[in-house]
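Please find the structures below.
Presented sequentially are two complexes of chain A, the first with chain B as partner and the second with chain C.
Then we have the complex of A and B:
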């Protein structure tokens, strides 16, 4: 079990890095889908070990909604324009982004080791990886100019939070997790709506063209 | 039983209104909105009155929970929302006449309007901290499409920035919430009810490190949504690009919902983490917000952005008041939540009239308001004095209490800094409205003298009356509510 959890959570962080350095919108969305499926897999693996029924529901929901539905919604929303375009615009170059991402991951691991945790289900390093996923995800949102990639960064960070949730509060309950899912789903719909509006208004999803408001 | 029904009704009604607004014809949208929002307002007041009698009310094993602290926020949200519904009628009728919008867009407007009210009221009655987080996040999701309502380049830019930054903030706050849960695992076991009463009961036994970390993350996360510097950068954009009734709700009501999240986690973590640490953090963010906001107030050319930066300043001051932490300062802060909410709402209504008449938000392009729109002129001048903190209005009493509170706690330097910052912000806020109102219109460009409509004036006049009354004599029930809420915060 310990081996499976370590492998899966490391793969989740790798998927987050994939998203961070993706050169195509398509690759970033696939990175998010992969990250979600791995996370769902981890929840199911934890169910196998603990027999907490809501972990199974959480795992299936994660794979279906985040691994399939949300990526599909985003793909439909950006089809034809920026989806296959290479070299999407960014504020931070790839080597720098990788370095900063690595630094943030270290911070996550160190922070997790310094907090006093009681965990039964997952071990402390997983918490470190989870915080690293959150930080790298949020950094992706800041480093990219493309609205779709900014959205993908936020979603990746949210998966990191779900992983933190698995570590620190397996007893938090299904209802809360449902509320979170609903929130994410509505968030994606709202942001996808705004991205569609960008296509109409500025014929692109490059947010650096949205810079008229100042002062 | 009655309490449970009322708690459900206060969120069910706006939700029902949202669903109805999807199916009714455009000409029924406005009467429907006003009717259902007035009913919601009535229920909210009943709930607050019951909280005053019994201390707190809860239902469904504390999933829904209302005490004096959330009651204060519910009061502002309810007043601002019902008046925004009435003001929307005057505002949108004018926009329809001018063909700035078409009747089919009313459906979208009111659907989102009601959802926004639903989300904000749900924040005030959330007893489960997971639900509290979810509903605070939901306020962003309901209001962002409203910011983009006019659908051109600038509103879209504002809406996108708003969503990206506040969602990122919400995620940081969620990490804080999860650490808060973890901090309770020691005293309460791995599986416990993540509700306000349960955590409050174990508050002094929470893990101190985790509780302090949780509060800091929530402060940064929800502070982003409350517009605290340096995470405030989205606020002037969003609060100036939305339609004016929505601006009033964003500034007057929504910011307070984010503050409630911070306050609630403060009350739960302070006993274990030590109030001094938490207060220091509040003071740092609060003072920084005031300084940054005043710098932007001074050079501001757009009157809606001016009001938005004033919100950043006031949110900072509210945080400072809690950071001071003495009973008088706490009451001052909570009173400022109420008086800032009402006064800022008044100012967005009045400046909305200005925008509709003159079709610009540039201060220097507007002259001679006192002749063109005498009632709006009165509202603007009195409102600007009120929001800047001049006596005898409510904001003055609140600010005075915070400063007095600092002196009472022997924080002499801090009290002096707060007073100096408030004074620095006074002229840049009052002068532009004074200039637009009293300077003479250049010959030939005088605007024909007419107010827009009664509906566009009455809500603002009601608010002016309210902040004047509060400034002179705080009504006993409100005073009681504030004292009870301060007691919750000081526990």
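Then we have the complex of A and C:
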């Protein structure tokens, strides 16, 4: 495995942990943007190694859409409020969250070492890191009470899925990936709109306040 | 044998003389980032000259611990420099005095004496700084031990020179577990050397200090030794990070003048890059609250833990 892939996949996991313990909305969005840019860089590094053209397209699309457009959409929605720099609420405290994140990563790494996937492009440790990214991202969604951070966790898990896709089958069609990108972009636009609406209605994006159903 | 000893002396002298320069470069670059002109990169040398000329004064109540601590804090990084590959890839004659755990102990002795001396004069700020620096060090300990384990695991030896050779020559250099160790060790170095985000080295507010409040009672040559020791500590820890873990290139394989010249030049180049990285981190981040230090160091522990797991699974 080449140096770039090892370093980039490691940094992707670290960015996911950063997302897990980020206190401010702004920091979480930046963490997601960094994770996406690293993922795009990884795809481009894979292109340099394998010369599969769609990996280049995938890398550029990841950097542009996930690294720039999606963070910008979320940032525009929370702009103008003091909220983006405020510390957000959470269900699980940060040291505990880190410990649970470590446990989840352990599960991911062990699971990957037992899975019978083999590709020429990326090796088994990267698969473990990718599964760890998915688990930690999903855990972020569960551990935070703030809608924006939940969204960021979900998006981070989606990045992990993309990384698994890269490991398991480098030849995934560009069309499928393109559809995935559009889905994520539309999902983010809808979610960001809902978050802005929520902020407007209850002056907070704390999901624990959404406990009553009103018709 | 004589050449070996000479090489060892050159390595130690490099650490001694370049450590203030590293501090000067970091201060100057940091000022540049903040749109100030900044002090000359030679300023630490001027400070040392000024302090060494002044008279020393100590509290009447101070014991021998207070008077001997500067020498221990100054000698510890020098002894540490003999154990690590500063300039040479091959171990020099004194390199087998201690392995990684032992060298961690050597560098720890300096901090231990500084803490004792800080509490010795019963200055309130000294005690505060000592207790805080113990908090940081005791939390950094598990990470360091795990890093030693992981490096020992990968390289099959715990002497820094052996680890350096193995990591450089085998494919272990390019694996995610190696990258995790490198990141975790850098975070620990930042914490141990008292840089942002753990401690602000240029603060003048006593209540937020960790490292510098321990030196309040010192003056003149004692203070010079203490500060110099602190700069050397950062320098040698960065040398371990650079030469053992990340870029072990440019090291001399035999004791000759050209080989050592190349080694010193490459070390300076690597140090400038490390200084840029530190300046970037210090400019981008704010000092974190003392109660969040356990989270930061817990994060480093997590990274080194994952490194060990990844390596043991990948075999």
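Here is the rule we go by: the second predicted complex is superposed on the first by the 206 of 215 C-alpha atoms of A that agree within 3 Å, B and C clash if a C-alpha of one lies under 4 Å from a C-alpha of the other, contacts with A are read in each partner's own complex, and residues count from 1 in each chain.
Basically, contacts are C-beta pairs under 8 Å (C-beta built on N, C-alpha and C of every residue); 3 or more make two chains touch, one makes a residue touch a chain.
A quick note: this is a predicted structure, and the numbers were derived from the prediction, not measured.
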Consider chain A as the common anchor and indicate whether chain B and chain C clash or fit when overlaid.
fit
Figure out whether A:113 sits in contact with chain B (first) or chain C (second), or with both, or with neither.
second
Taking the superposition on A as described, I'd like to know which of chain B and chain C A:69 touches: first, second, both or neither.
neither
After superposing on the shared chain, does chain C or chain B touch more chain A residues?
B
Based on the superposed arrangement, let me know which partner A:196 touches: chain B (first), chain C (second), both, or neither?
neither
In the superposed arrangement, which partner chain does A:126 touch: chain B (first), chain C (second), both, or neither?
second
Contacts of A:101 with chain B and chain C, given as first, second, both or neither
second
Taking the CA centre of chain A as vertex, the centres of chain B and chain C subtend an angle, in steps of 10 degrees, of 160
After lining up the shared chain so the two structures overlap, which partner does A:10 touch, if you call chain B first and chain C second: first, second, both or neither?
second
In the overlaid three-chain picture, which partner chain does A:180 touch, first (chain B) or second (chain C), both, or neither?
first
Where chain B and chain C come nearest after superposition, their Cα distance in Å:
19
Determine where on chain A the residues touched by chain B overlap those touched by chain C, and list them.
none
State the interface residues of chain A toward chain B in the complex, per the touch definition above.
115-118, 120, 131, 134, 138, 141, 147, 150, 154, 157-158, 161, 164-165, 168-173, 175-176, 179-180, 182-183, 186-187, 190-191, 193-194, 197-198, 201-202, 207, 210-213, 215
Can you check the complex and tell me which residues of chain C touch chain A?
173-180, 183, 292, 294-295, 298-299, 302-303, 305-306, 309-310, 313-314
Touching residues on chain A, where the partner in the complex is chain C:
1-3, 6-7, 9-11, 13-14, 17, 21, 94-95, 98-99, 101-102, 105-106, 109-110, 112-113, 124-126, 128-129, 132
Footprint of chain A on chain B - complex, ascending:
128, 130-131, 134, 137-138, 141, 144-145, 148, 151-154, 156-161, 163-164, 167-168, 171-172, 174-175, 178-179, 181-182, 185-186, 190-192, 194, 207, 209-210, 213, 236-237, 240-241, 296, 299-302, 305
